[in-house]
Amino acid sequence: MTEIVFYALAAMALGGAIGVVLKSNPVASLLSMVGTLASMAGIFVLLEAHFLAAIQVMVYAGAIMVLFLFVIMLLNLGHDYEPDLRRGIGQFLAFGVVGTIAGLLARQLRGAEDNPVYQFFPGPEGMDRLLAEEGIVGAIARPLFTDYVIAFELVGLLLLVALVGAVALAKRRV
Amino acid sequence: MLTEALVLGALLFVIGMLGVLVRRNAIIVFLSIELQLNAVNLSFVALSRYLGIEGQLFVFFIMTVAAAEAAVGLAIIISIFRHYESVNVENFSLLRW
Amino acid sequence: MTASGFAAGPAAQAVAPGGGEAFEPLLPGLILLLPLLGFAGNGILALAAARGGAARLRSGEAGAGGEPERRLVHALPTWLGPGSVALAFVLSALNFARMAGVELHDPVIRHYWSWMATGPFTAEVALQLDQLSVIMNLIITGVGSLIHLFSVGYMREDPGYARYFCYLNLFVFFMLVLVMGAGFPLMFVGWEGVGLCSYLLIGFWFEDREKADAGKKAFIVNRIGDFGFLLGIFLLFRHLGAVDYVGVFAAAPEAFSYGDPVVTAVALLLLLGAIGKSAQVPLYVWLPDAMAGPTPVSALIHAATMVTAGVYLIARAGVLFALAPVGSAAAATIGAVTALFSATIALKQYDIKKVLAYSTVSQLGFMFMAVGAGAYVAGIFHLMTHAFFKALLFLGAGAVIHSMHHALHATHREWDAQDMRNMGDLRRYLPMTWITMGTATLAIAGIWPFAGFFSKDEIIWYTGARAEGEFAVLYAALWAIALVAAVLTAVYMTRLMVLTFHGNQRFGESEARNLHEEPVTMTVPLAVLALLAVFGGWINVPPAVHDSFFGGFGLLPMSEWLHYWLEPVTAAADGIRAAGAGPYSESAPLGGGEVLWAAVATTAAAAAILLTMRALAGREVRPADESSPPEGGLARVLHDKWYVDEAYDRVIVRPVVGASRFAWRWIDQFVIDGAVDGIGALVRGLGWAGSLLQTGQVTTYAVILALGALTILGALIL
Amino acid sequence: MSAFLQAVGYPSWALHALTWLPLAGIGGILLAPRARAGHVAFGWSAFLLVLSLGLWWSFDPAGELFQLASRAVWIEPWGVDYALGIDGIALFMVLLSTLTMPLAILASFRYIRQREKSFYSLMLLLQTGIVGVFVSMDLLLFYVFFELTLVPMYFIIGIWGGERRVYAAIKFFLYTAFGSLLMLVGILYLYARARSFLGAPTFFLPELLGTPLSLTEQLLLFGAFGTAFAIKVPLFPLHTWLPDAHVEAPTPGSVVLAAVLLKIGTYGFIRFALPLFPDAASHSWVTGIMLTLGVVGIVYAAWVAAVQPDAKKLVAYTSVAHMGFVIIGIFALTATGLQGGLMVMISHGISTGALFLLVGMLYERRHTRTISDFGGLARVAPLLATAFVITALTSIGLPGTSGFVGEFLALLGTFERHPGAGALATTGVIFAAYYMLPMVQRILFNRLDDPENRAMPDLSRREAGILAPLVLLMILLGVYPGPVLERMEPAVEAVLEHVDDGGSALASPPADRALRVEPAP
């Protein structure tokens, strides 16, 4: 059952991703992207990462994509239907490189579960136990606010800086 | 399911990379980068099943950075658009000296 | 020279054998110090005067002006310059008297301080007092004082009066260092020092480009000789480990066998130095040009003292030259060639100083012949007599030039005051000069009983006496050359006298009215030198000559004094020479004894004088601007000095300058800098090639990034 | 005197003070008003000169090889020490630097008319670098100071220089940096070898001396060090940065460059390249190459100098010739030659420094350095002419001046072991006259026909004050060089002893008997 759901979601994600790349209308691309993100949220659920799945939907598919949409509309690019795919040798090169990388990755990833390195880590059982003990949110929140609190604060600062930066950059010169 | 998830992540990543390489619309290029980030997120989450909760934490951080990046990047695109009336990356060649 | 520096080393206490009283030098350092003080004093005055002159020049006052200052700047040097040298002469004379009073075999050495001491090498600042250096001292300070005195009159009007005495005193100082220094390095100090003074004094009127050029030429040509001198010192040190006279002369006979190639090399190198300083073929070219300096300078430096330093060097290093028969023969050959060669040039010169200059070169050639033949005493003897009569000739010429210059200046005639074609019949106006110069002419021509007769005769005799054993043919040929050169001497000197003082008067009456005999400061030195030119030769007369007609059959107060006096210095060299080359022969190459050949030489010279007077007597000479150089043939070649200067210019000067330009333009700027800049250009080119990848298109960068990722992945995975 | 110095503890702080106090002067310059910056800099450097004179008395010619030494840990894990000390060689290099600096600063009052504060600050920074180079006993410390001298000089040429200053500055920088990077590689290699040999990391020179190295290693390392130093010297054919740098640099820059910076190269040979790689240094190839280059440099540079139209460039080329004498003196590997080389270094510092000052003074008066623009100056500027002639004569090595002592000993020492090279080098004596006298004649003598030259003022009091000590030193060192030679001798002997028994030095690590240092107090 899980497998079927996973493959369905994976197919949706891949389809969305291909749409992102191939749709000539930016809005269509963007909507494909939303689809991909949503499918991935589903896969996150399958991978027992419920919190991230929720965040994925809310922050990514919700906030960030809406931001993109706003920009596309702001710049009035929605009617730009002319295909802007790169042609010629660049495209050929791009497909070649990308294909090769994909092939290499796929070859490398065969039988990842059997890697003996996992015996040193908690593993799915350990993770299940952790989630049971701490709760879905708690499992993430505890290390976030203890071990990684400085990184957390810095990321907050980064967001603030990005906010200010975005305003400064996008503001019309008065 | 780890292998499948990782393969999916890899595929999404290369598709994103393809987008970066073949699209001219700066916003789509940007979107493709977001796709690549998500592909990496997927790998992290998949591996965190085996390697511990830190993988998910990392995804959390990546998301925040992605959000910040999206904000700043889109702002840049807006100001470039104001200057060039275009978001076609082939028109931007200021990096050439 | 600090008080502690005066502490005499152990070698200083030379005790005469047999418990006789020791020679105690009297303040030898002061002999040097006096001219040095004169130099310093005059130098300060000269700078003050020059600054005053410069200030006037800047403010545009072309005139002399500033009389009071001028007088002060004049009065002090007048006393300071000649005074310091005269005092040095007095001290030298006192030392001479002291030395004459005792029997002294080993040189007395006064150590002052260690000059250079590194590792095995030491060069001391030490003065050596022996018979040779004392007699040289007397000549230098004696003739020097007279010439200083003469200069007071000669240079009185010159704005650079104090500067002149400053240089002249410095010259005397360095000349004394040259002869009194106790080792080759110190001699080299004096050697180059006098070269410097010569340079400064030749170019004394430095605003005249030709004069400045002449000074430069003298310095550079001298430096070629100095190069040899330096290498000689190096070679000595390399093989003997010593460079002071005592050490070298003690070690040389042990270290070197007779004719050893090393000692031959040393002798030849030192000879090169001597050739440069004493203006011998092929480095004589600077001396005629050096006549650009004030005439008293020519008298002191370029006739009496500095140019004889080469002879002094060979006499001083007699031990080394005696050990190296090839070196000696080379010295004699060069001397003979020079003597004849420059005598021929002197035959056709019209500049009175040029004639004297070539004559000096020729006489120096005689001295080289003497020391080359191993007759060191004869060389020094001729050095001394030559100092007397040649200084006299130059000073006389100076008086003539000075008078002519004033006369021509007064009448505003643009004539050369030194060209003999513009003179004639001057004896009516300058009788004192005429008489004294005539004396000197007889002396240099070798007419009995003047000084030159004895000294030149001795040289010819000893050269001929070497015509047995080693290099017999060579010495015989040199002997013949010497005889010819001696006759030529008489010819060109007579020509000079006739053109200058006799014959038709070429200048006009208005000049004649402005011609007068020189002041007493100039005539007194002439008179004193004339006396010396007459009797100076009587101090070294070989017994055979002494007892013949030429010595008044033993009645005249003549002696072989100089020979005995210098014997302690030359004994070692004489011994080596005698042991290696055998004793002097008893007869000349064509047979006959010393007296016979003395008679032949003086008769030939007298005949040459008479014939030359006869030949020139009836000839009408035109002034310089109305005459042209000889049409061609030998006369033209002699007039143009065998084209040696031109040849040197073609063969040496221009190639060196051309090579320098080539080195700069091509090697330095093109090859080396080209390579350096080329590397720079190469790097820049590579950068340009790299910049082609930089399209400015983000996508391109992304592709490159992807390729990079692919490479790394591939490397990791495969 | 030495008792007094002892009482104030001079030996323990002198070298540190001389190295670092120049930096304190920078503070003073920055605080002073712009117009006074030069005076502050001069006062400070003059004070440092007075301070450095104490070295003369506190250095005991008969004492230890390295004196006033101290050693402290700087970077512990890498074994880098802050180790200072001077021997008889470094002593004079330090004194030469501290003497040159105030004179150079004094000579810049009229020349430097913009950004004075930066200029004088850079000069003092340069002084720190130079003194540091000469007193360092730690290889890495030396390297740091070596590079430190580069930066201020680069800016001095590049900012206050003539028309082609940028080209000259970059050329100077790249040439030197190329060499010093090679040297850095050499240092690190040597360090690695010493570390594995001693079992502890160290850059301390006396400890590195015993490192066993194969002949090939020594030759390669000598090549690395030697290239760096040869560029600095500069040795033919690596000399072409020098004329450009000199011509473009402002007068004080040229003076410091000629008087001191070039000495770093030859000092480096003596201090590091020779003792560290004795077998390479005494290898017949190396001595052959170095002697050849030295001799070629002497003759070649003299020839090139003779045809220069620009007085400053002429003087620059004479530097190459003079440094050729130093090189042959060093690589003759005789005590006489080495001491002669050192004397040439000192004498060249004084005389060439003075020549650059004089050319600078001429430039300030006429705004040209072309020789043919001058003529007859001896009449309007007798003091200048006198100083010029004495300096020129020192430069061509007239006996009685310091130039002669150096050249004579260097040539003698060379001739002792290599007569051929010595004889060829001696021709430099002739060619020196060939380049110097025409210049003297064309500037000072000949007719004074240019009205601008006619109006030229003689030396001012300041200028006379700059030149007087130099001229006095030229004569003094020429007549009585004994005290200098005597202080150098032990150091020179130690270097040579070390080179001579390069083989046995391998067997007696790490403390070498020749180059031994008191432990840090």
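When the chains are written out, they are named A, B, C and D in that same order, and each has its own residue count from 1.
Convention: a contact is a pair of C-beta atoms (placed from the backbone, for glycine too) under 8 Å apart; a residue touches a chain by one contact, two chains touch by 3 or more.
Please read these numbers as outputs of a predicted model, since none were measured by experiment.
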Of A-C and B-C, whichever chain pair has more C-beta contact pairs: B-C
Length of the line joining the C-alpha centres of subunit A and subunit C, rounded to whole Å: 101
Euclidean distance of C-alpha centroids - subunit A vs subunit D, Å: 66
Centre-of-Cα separation between subunit D and subunit B, whole angstrom: 60
Subunit B and subunit C, separation of their C-alpha mean positions in angstrom: 94
Two or more partner chains touched - positions in subunit C: 699, 703, 706
Contacts with two or more other chains, residues of subunit A listed in rising order: 86, 90, 93-94, 97-98, 101, 105
Chain-to-chain touches, reported pairwise for every pair that qualifies: A-B, A-C, B-C, C-D
In the complex, subunit B residues that touch subunit A: 1-8, 10-19, 21-25, 27-28, 30-32, 34-35, 38, 41-42, 45-46, 48-54, 56-57, 59-61, 63-72, 74-79, 81-82, 87-88
Residue ranges of subunit B touching subunit C (in the complex, touch as defined): 17, 20-21, 24, 29, 89-90, 92-97
Of subunit C, residues touching subunit A in the complex: 699, 703, 706-707, 709-710, 713-714, 717-718
Of subunit A, residues touching subunit B in the complex: 2-3, 6-7, 10, 13-14, 17-18, 20-21, 26, 29-30, 33, 36-37, 40, 43-44, 46-49, 51-52, 55-56, 59-60, 63-64, 67-68, 71-72, 74-75, 77, 80, 84-86, 90-91, 93-95, 97-99, 101-102, 105-106, 109-113, 118, 121-124, 126-127, 130, 139-140, 143-144, 148, 151, 155, 158-159, 161-163, 165-170, 172
Complex contact set, residues of subunit A against subunit C: 86, 90, 93-94, 97-98, 100-101, 104-105, 107-108
